[in-house]
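Reading through the structure tokens given below for one structure.
The first chain written gets the first letter, and so on, giving A, B, C and D; residue counts start at 1 in each chain.
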């Protein structure tokens, strides 16, 4: 079985990783890759170790010749292309934020712009380890954000067991490598600005990824407004590490809930007691790892790690693609 | 006025910074600098940009010819040398942990070894901005740890105003550059292990610096056992950034308490609203900076930053030295 | 066809990479991996993203149960183990320096110690792109050093065509990531010493890798004593970039000689005119890349790049292994 | 004596360093600092550790109220402002390339644009250790480029003694931190592009700094066209290290020539035999350091290091300023 796919937005960090995975996926034939700025060149010119793949503009891409598309486009552009693809019977894995929220109203609230294709909402949220049934055979899947992936893998198992103390703050102190901010040139992302530096940004209740996290937690009974999310920019190219502080009713039960949730999962590891999750566990892999440590009183400390470009974006997109087409979930990944 | 000083333990990162400050201090004459491993060489051989200062062993150092000593020695060695100096009328600024705890029992509890000179305890704790009166003219001063400096500058103003909600957890998510781990060769500190990596260690209730932090907070009415302290190792050479989550009774009052505490302080800045503290504010300076951001509900987020080798060690030691000798507090520092 | 292999010295950077390659090699069964310091633990404890492979001591390793061994041992230890394996009919790929020089006298001259197994010399030198015939079916192969690999790939094609001007200096300005210095804890390799720093070491005519380079060049008619080799330590974890300055009789012919030498090679690319070789071309890949630029007069500038742990060590070892067993040369590598 | 100065172009890396030096210079009063993009804000908003200095546009700056100006402007803009200042009797230290070449024709050849103020050429070239007489009391000084500073400090002493073999290539393999490329946002300077990477650019005979180097060497009898200059981009924020390969008639005499040239110089050190120059010798200092090592045959290897933002730009500008006003040359610097 060969599935013909196209990638929109191939020259960003996420697109590069996605192309690399698809190039070694046994059931995939990559038919096109787009870039508005680099059309007419090879992907190798955008990254010297990438495969030698010609780039075309979005308009030139033969959408009618593929079975599925991966969208690594800016938001609003992504929703439009998703609607166009679905209308032609082409399946969609969207790596932008456009399809993650269930309603256009929520989207407009957080993204300060009307949704470009409200008619295709809602779409299944593609975090396989937290619920893969809705993803099997889906026509469209919203690929989660990088921070939400790391956060929800740690919190949802506790919420499902009712272990989080009602009304308490849920604190997510998150640290991300700079590739999470994209590949567009900005002064604050220059090497000379980032090396030796470290700082928080958009902390408290303002980062857009709060919307996804709280939407998913609300489905598990955690009311909105309790999450405190503090992202920080790490002087590394890739990786996210979340240190989360949760008030729980029973610390050993909470630790067990996490172990139980991921027993048998090939891509998410609940680490054994005493082993702390580090970026080195996951960077350049499609895996997540989680460790738990008792704090004081009712506080449990949960550390979760992913590669923001892989489990936080491209490898998870391929997990979702595999589920969509009823392929083995780790095809192309291990 | 010229004060003759000696430095014990000059070749570690802290010692190097201290020597550099003392070399430009207008009232100081450096009489000796010690190193057990590098005695007989120049300090320049330990660091090519350091002043050309001969190193002697601790035993060779003419303790009788100085007015004060700075101790950058391993713990237990430091207490012994402090006692010896004080017995000869030489004043002491101790940068080790040996004199920070008020009782030998506390020391033994946290450091798992008997105190080497219990008779010289207690000694004033040298965090000038939180209480400089006890430091003026002192015979000995315990220089605070790097993490405690960053933590206490953020928390003590709230505790003094009674703004921290009783019984709530106080969460300190701390990130430190690797120079905090010292200059002794260890595999986990190799460049190839640290670059691109990031991780927590000794989190929860186990790091020794908890003892100092809780001792000082207890003096301000915060009972022991509530602090959750999660240090992380950053891939930078220097700098500490603490992100702290505190439950307070009145968020604006808490923000004002911090501004009030540091109004007029030359070395600690409460940043204006909207400006977030970053390592770039303080690295290679003797300064601290603090920003505050409301979280959700009663949670206030406090970010504090210092250079672990300066305000977290050597420049604070010189502040303490200046207070000890009734010199202007920032002599040699600005 | 399954070839049973063992790896001696699995926990260093080279060993880790080798194990990772062997774990996905379709014709290999890894029977054991040794570590004197970590025997009794899993390889995952030495590196959290490594496969979960038990480590045994060298003495415990069942040498009799394997068809081939890879030796990532310190020099002299390696030669002894190589002799032992060969005596039992087990083939050897040696990643140490022990088997690279053709005579025990040369070895003793450069390594200042007698050779531990002179009776097994000489052994074919495993740089496949410069001569793979001697490697097919070999009982033992000496895997080249990292610097020699990068250097010889650039220089040998010119030497073979007689393009290097007689008597002129051949200048190799080499820059290597720190993993080339190994994983043993040393102060000068600490993150805080390396970050932001850069410097040459062992420059001129003293580095041991000169012996390998000049031995191979001598076979191509370049007399010994003309090579000037200046290695530098880069603040990156992996990768070597050589900038080489060679006086040639005909610059376009020299550029063509390099293109011709690697036409059709799957793992060495002579880059098209105008494209400069960078570490990003090769890091974390088994590839080498070479670019050439005219200097002034008769000077040709050749830039060659490899990943020191892969083409400079472990992936080249697997190329050699594949040739030894008449497998496709890139098995396990692409 | 107080000299009133203005700085044009204060928010780039060079401008920031210059302001920091001037702020502690005992004879300087900084009257204005300009920035077209950040006018109306404080310099602290461009860099959190900078002094709190208001920024104005170039047009708003009160040129008539100062005795001297430092120009950190893009080329062509700089020449125009220099001419305007000189016409008003204000002295000029120009950190751009505009005044470095002696003739407008040379400028146009290398910079591909007509010179904006040919009437003010030639201007003394401000490399004090190679000739400070022309700088004392000068009305205008051209501050050398960063690469030329590092290169000429190593080569000129040999040229003056006639030690360089006629007709031989002079090879400068240069490595620079990324701040040398400026603070304007460009994709190739992003942290995620630079970290872990390293590569040469503009090698051979194309980099514009060749013009300055060869102009100065020509004055010492080295004809143009022999210099081969290969800059590389290092993953560090600051520092330049040049490894230079020169054919000399007498290696010990050449080493002695360098020692003699800098004996007694406060800011340039010829290192003792066996000590290799490293970035750590000079980064964040106004110093240069030079080491020499015999290669093979007639090749001498010279390693020179500077901080590209200090001795390669701003601290050298202040040396030149001090000479211009007959102040002690290291005022404000040590």
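Here is the rule we go by: contacts are C-beta pairs under 8 Å (C-beta built on N, C-alpha and C of every residue); 3 or more make two chains touch, one makes a residue touch a chain.
These numbers come from a predicted model, not from an experiment.
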Number of steps on the shortest touching-chain route linking subunit A and subunit C: 1
Reference subunit B; chain at largest CA-centroid distance: C
Chain pair with the higher count of C-beta pairs in contact (B-D, A-D): A-D
CA centroid of subunit B to CA centroid of subunit D, Å: 38
Between subunit A and subunit D, centroid-to-centroid distance (C-alpha), Å: 46
Subunit D residues counted as touching two or more neighbouring chains: 195-196, 235-238, 278, 280, 283
Contact set on subunit C toward subunit D in their complex: 169, 171, 173, 175, 195-201, 203-205, 225-228, 230, 232, 234-239, 241, 243, 245, 247, 276-280, 283, 293-299, 301, 303
Touching residues (chain side subunit B, partner subunit D) in the complex: 47-49, 195-196, 275, 278, 280-285, 289
Residues on subunit B engaged by subunit C in the complex (per definition of touch): 13, 177-179, 183-187, 189-196, 235-238
